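You will see two complexes here that share subunit A, one where it goes with subunit B and one where it goes with subunit C.
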Partner chain A sequence: MSFATTAFLVLKKDFTIEVKSGEILYTTLFFAVSCVLIFAIAFVREGQPVEGAGAGILWIAVLFAGNLALGRTFERERYGETVRALLLTPAPRAAIYVGKLLGIVALLVAAECLLVPMVAFLFDAPLFARPLLLAAILGLGTVGFASVGTLFAAMLVRSRTRDVMLPILLYPITVPVIIAGVLGTSALLQSPADEPVALLWIWLLVSFDVVFVTLALWTFEPLMTE
Partner chain B sequence: MSEIETTSALRVRNLRKSFQEVIAVDGIDLEVRAGECFGLLGPNGAGKTTTVEICEGLTEPDAGEVEVLGRRWASDADALRQRLGIQLQETQLSDKLTVVETLNLFRSFFGQGPTPGEVIALVQLEEKRHAKVVTLSGGQKQRLALACSLVGDPDLLFLDEPTTGLDPQARRQVWDLIEEFRRAGRTILLTTHYMEEAERLCDRVAIMDHGRVIARGSPRELIEDLDRQGKPLTELRARTATLEDVFVSLTGHHLRDE
Partner chain C sequence: MPSLDHARDGPELADGSTMLTVDRERIEGAEGPMGVTPSLDFDSVRLVEVSRHFGRRRAVSRVSIEARRGDLLGLLGPNGAGKSTLIGVLATLVQPTSGEVRYGGHFARELGPPLRRQIGLLAHELHLYTELSARQNLTFFSKMYGLDPRSTVEPALERAGLADRADDDVAGFSRGMRQRLALERALLHTPRLVLFDEPFTGLDDNAVGLVSARLRRLAADGAIVVLATHDLDLAEGLVTRVAVVQS
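Moving on, here comes the complex of A and B:
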């Protein structure tokens, strides 16, 4: 069984379950949209949003929704003991991690597809001015956040304090990704867009992703064995 | 079935495992011979599940040696997992998947073994082939879990309390499947709280308590040992001792929490 096939099978399993239940997708989307609407009520006065708020609000919505999605996804795994069952098969363990990571990333990308037009509209933010750069920042930031989140959520799946421990562990470690994501997006929202600064943050995000994903692939098996 | 390199399917020597202050496994030795059904018995918290998880390669021991099918987890994990079947305790699998989807998923991880359809027929779940796991009864879920452990055509099968919570009919169906597997010359390591189950299925058993093995032998030998000890009668009934009498005599009457 190849690494890629195993990761695909784990992703397909999660996708099949989500298509049948819609549970995590709808919860995540509803939460993310509510988050942006509440910020819109608070920060838009007489049709004028607070300057530069769009980038921060977009990332807050993505991160909170990500935390919710991670918690819900692994709660389902805990209930079904599915992760443990998968770990007992001959499937490469790192591939199980990659399959779970891809599922979380797909979920967050779906949320971002809804959030970006909402934030652009409600906060009068020119998010579509540099669509490729924005996609790169959001995509890389999402991978960085989800790579650490998937590792910790899997590690905490049998812990009674997982709901408390996940954000306590996740947010401090992903601070570099959060800062790079927010500042990179802010650079794109300036008029005119500050492309060199955005590119700098993109390269930093690439570096963070390489480090986080490599560490997660390396530590997943030993962490799941204890 | 692939060739078993040794007459011992599982060898455990001086195994130790602690969780902070709690000693879960305290220097146990075990040997499961190829082709036998071996029962690991004990009250809650005796260390059975930890022992089995170490043997399954799911938990690292603090000390001791584990040799499964002549191989060690440190050097041969990938090859070993291809040859083991593991049924989890109270496994519930993914509720939203169907029986055939679940088996397709698990079958795809193994390089050999029967088709999902053949395993479904073996555990008599043909009518539930396209039913979601959530709609299955307790007995059907246990048979599905057993089917998942059989999809790789294993040489050694780990069964962790395979009939807990089942009604008598469902329990006997699972017993029949286990006996059929053993008749095919495969090896089984079974943990159970049911002494009747161990007496019926197991060639040999080991009774654990407080992380140690306190008795081992065939159910018949253990029962005869108890009879020879001549425990005082508490009631006058015309019956012989059972494995349950052995278990209670060795581990006491008091209740245990997990």
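Moving on, here comes the complex of A and C:
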């Protein structure tokens, strides 16, 4: 079976389960929205938000929601040990990783579709001034974060301390992606938008994504063998 | 049919952690195709001096065992003796710390996907998505094995006795129904090596009878069947060869 077919099957299976249960989508969205609302209560005074806070708050909400989604997605594979059933199939194991990664990315993109207008409204942030550049920064940052997160969440699926270990491992390693995402978004929020700086961060995000995804594809199979 | 009288105490290992003895009696008349021409085939599976440590804890130590086509090998022993670890090693999901695993003339590490295509595993955890229906579970795994769901799913549902509940979510099934479905899921691709880890847990007498009959049929059809269980009563009269794993 081809790599792409396997990845699609895993993605479709996760999507079907999510359509039936809605569990991860709704909890992730609720958590992300709550996060932004709490920041709005803290950082908006008399209708005036703290200047330049929008980019950081957007990314914090995305990353926290991502951590929650990663944990829940693999909790589903732990129940019934279905992760072992997946690994036992003759399908390419790296394709199973890609299928799970695409599911996480889709979930986070859905969260971002809700978060961006919220942050733009509550923090008076001109996020829609350069929509393509913003989409590139968010998309690439999400892929970089999710690629490492999916690998670690899969690795920790049988660990009793997975809920503690996942953020401890994930956030330090994805610091380059987080910095590039926040600074790239900040450059777009300036008036006028600093496009050259934003493009620089986009290229750095592309580099990080290539490195992280390549490493994850390379290490997934040996790391998943007990 | 050989019984548990074939179980014997083996020599105690130097570290005293695991003792295992295999009766090498071979049953006759167990040759026969499995229905699907496999891309890789083997007539026997052999563990040679296999050890597996988890940190400082020894799960199994220097285990040697062999099973051939038509065998229904019982891995018997108390909880925590290392039976599940051995099943995991045979399934290629657990890497031995030392020793080697041979499938026919091949080493496990040489094979990868073609070998996994020939292994079926039914563990205590049933490897089913409870949010999906019986049909969706079988269809998904059928496709993951590169099979045509149109020719595999309906017969599997019939064998599991779940044709009339095919579109119900597994979450609403009883333990026995889940076990029957899990059994068919594990056997969808007609594997050469079939591994069962405590398959009778939570089953009533009727379901135990059905699973036992299926095990016998698999062995008679030429599969290598390995059954790990702590329940000597259930294993007696079912297995054709015995390996005793002791803590």
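Please note the rule applied: the second predicted complex is superposed on the first by the 226 of 226 C-alpha atoms of A that agree within 3 Å, B and C clash if a C-alpha of one lies under 4 Å from a C-alpha of the other, contacts with A are read in each partner's own complex, and residues count from 1 in each chain.
In the analysis below, contacts are C-beta pairs under 8 Å (C-beta built on N, C-alpha and C of every residue); 3 or more make two chains touch, one makes a residue touch a chain.
Just so you know, these numbers come straight off a predicted model, no measurement behind them.
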For this session: Return fit or clash for subunit B versus subunit C, each positioned on subunit A through the superposition.
Result: clash
For this session: Could you look at A:Arg45 and tell me whether it touches subunit B, subunit C, both or neither (first, second, both, neither)?
Result: neither
For this session: Once the structures are superposed on A, label A:Arg160 by its partner contacts, choosing first (subunit B), second (subunit C), both or neither.
Result: neither
Exercise. Which partner does A:Pro90 contact after superposing on A: first (subunit B), second (subunit C), both, neither?
Worked result: both
Exercise. Do any residues of subunit A touch both subunit B and subunit C, and if so, which are they?
Worked result: 1, 5-6, 9, 13, 16-17, 20-21, 76, 79-82, 84-92, 225-226
Exercise. What part of subunit B is in contact with subunit A in the complex they form?
Worked result: 56-60, 78, 81-82, 84, 86, 88, 90-97, 101, 105-106, 108-111, 132, 148, 152
Problem set entry | subunit A - residues contacting subunit C, complex | 1, 5-6, 9, 13, 16-17, 20-21, 76, 79-82, 84-92, 225-226
For this session: Spell out the part of subunit C that touches subunit A in their complex, as residue ranges.
Result: 88, 91-95, 113-114, 116-117, 119, 121, 123, 125-132, 136, 140-141, 143-146, 169, 185
Exercise. Mind pulling up the subunit A residues that touch subunit B in the complex?
Worked result: 1, 5-6, 9, 13, 16-17, 20-21, 76, 79-82, 84-92, 225-226
